[in-house]
Amino acid sequence: MESTENYLPSLITKTPLEGRELAVKLARKSIAAIQTDGEIRKKLRDQYANDTSQLIASAHVIATEFQTIAKANDYWKTMKGS
Amino acid sequence: MESTENYLPSLITKTPLEGRELAVKLARKSIAAIQTDGEIRKKLRDQYANDTSQLIASAHVIATEFQTIAKANDYWKTMKGS
Amino acid sequence: MESTENYLPSLITKTPLEGRELAVKLARKSIAAIQTDGEIRKKLRDQYANDTSQLIASAHVIATEFQTIAKANDYWKTMKGS
Amino acid sequence: MESTENYLPSLITKTPLEGRELAVKLARKSIAAIQTDGEIRKKLRDQYANDTSQLIASAHVIATEFQTIAKANDYWKTMKGS
Amino acid sequence: MESTENYLPSLITKTPLEGRELAVKLARKSIAAIQTDGEIRKKLRDQYANDTSQLIASAHVIATEFQTIAKANDYWKTMKGS
Amino acid sequence: MESTENYLPSLITKTPLEGRELAVKLARKSIAAIQTDGEIRKKLRDQYANDTSQLIASAHVIATEFQTIAKANDYWKTMKGS
């Protein structure tokens, strides 16, 4: 872990959309846990943002994180859907 | 997140087919969260739509998103099957 | 989505084997959702049917779809096993 | 599907080990559903059996199939463990 | 299956750590189910133990197997944590 | 297993953040179970920390491990969220 910032105080979010945003954040924090140099990460980011294989792989990670978050929030069932 | 549009007001869909469409949408929104330039995404799209490895990887992401959506909808069990 | 055909009226199938067939179908429909040109898909199909990496990746997608379908059918537990 | 043989009459197995064997079988049947020519599959088999990346990917598919089978059998909890 | 040895009499383990060890074992047995020649496996092992992509892929398989084992053991909740 | 150290006395953690840290640890221990030479692992680490594909793949493993840990902790629902 690169810092002591608590980036995950809870898995509970108000809305499904916030759950998606949390999923993206968790995926990014995992990468930061391995590549701890923020400057290097910024350079690497250009690489995967332009490589479709890596974009798809990133989307897979987000989907996996979202499974956990959605379950934690009981799929936001008590909200009114659109 | 590239915009404040709420693309996911709810995980609940009327039918399994709409659940599939939502799964495809979520996968696309994940990619848009990383590659925020819509013009670049359009160009990249031609690449993965013609590369079988990437098509299969995309199908895997959709399958993962659909697991979450199907669970949220209790597998649409209260609907009449065909 | 390339057409309005309802390829998924329900996740419920009579037998586990039909569940497998539905899993294969869902995987194919995901690919069709991205590569909407049927002629191109037919050509691409020859590629992945002869590439073991891609066959294995396809099997992974089918396994993931089947998890959802099997759960929806409560694992067909009320059927008599062989 | 290459034949009408019912290779999956049930997800229920007597033992965890038989569950593993069924997981391997399901993975193979998925590949056969895509590459329907048995002769070609036999040739392809030599390829992936000697390529560690593909062996690991195959093991991942088996692990995914086994998750479903183990759940269907309630993890064989009513059996006596060793 | 290369032998009739029952390598999986049960999914139940005494501790989480033994659960991890079982996950590693299951991943290895899957590979052995496909590449049945032990001599070839030994040679292949040197390859993936020095290739980070394959090490990460192996870790993914172990994580997937562990999900099943942890669930089977109800996450060892009745044990006292450290 | 390279040592008899008990790196996983329990899946229970006090907070979601500690759950993330445990997920990272489990992923690392899986790699150590296969590549048992710590010196080699240190060299390999430089490789994957600078390769975006491998960083994303590592994030996927962490996400998978976290699913198990989050479930074991009932998603830390009894904690107060932020």
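Letters A, B, C, D, E and F name the chains as they come in the text, with residue numbers starting at 1 for each one.
Quick note on the criterion: a residue touches a chain if its C-beta (ideal position, glycine included) is under 8 Å from a C-beta of that chain, and two chains touch if they have at least 3 such contacts.
This is a predicted model, so every value here is computed, not measured.
*Asks:* What are the mutual neighbours of chain D and chain E in this structure?
*Replies:* A chain counts here if it touches both chain D and chain E, and no chain qualifies.
*Asks:* Looking only at residue numbers at the chain E/chain F interface, is the share used by both copies over half or under half? Answer same or different.
*Replies:* Different, since most residue numbers here occur in only one copy.
*Asks:* Return the distance between the CA-based centres of chain A and chain C, expressed in whole Å.
*Replies:* 27
*Asks:* Using CA atom averages as chain centres, what separation in Å is found between chain A and chain F?
*Replies:* Between these chains, centre-to-centre, one finds 16 Å.
*Asks:* Please list all residues of chain F that touch 2 or more other chains.
*Replies:* Residue numbers touching two or more other chains: 48, 53, 57-58, 60, 64, 67, 71.
*Asks:* Among line, ring, star, complete and other, which best matches the way these chains touch?
*Replies:* ring
*Asks:* With touching defined as stated, please give the ring order of all chains, chain D first and chain E second.
*Replies:* D, E, F, A, B, C
*Asks:* Show which residues of chain A lie in contact with chain F when the two form their complex.
*Replies:* Per the stated touch rule, the residues are 1, 6-12, 26-27, 29-31, 33-35, 40, 44-45, 47-48, 51, 53-54, 57-58, 60-61, 64-65, 67-68, 71-72.
*Asks:* Hey, which residues of chain F end up touching chain A in the complex?
*Replies:* So the residues of chain F touching chain A come out as 15-17, 20-21, 24, 48-50, 52-53, 55-60, 62-64, 66-67, 70-71, 75-77, 79-82.
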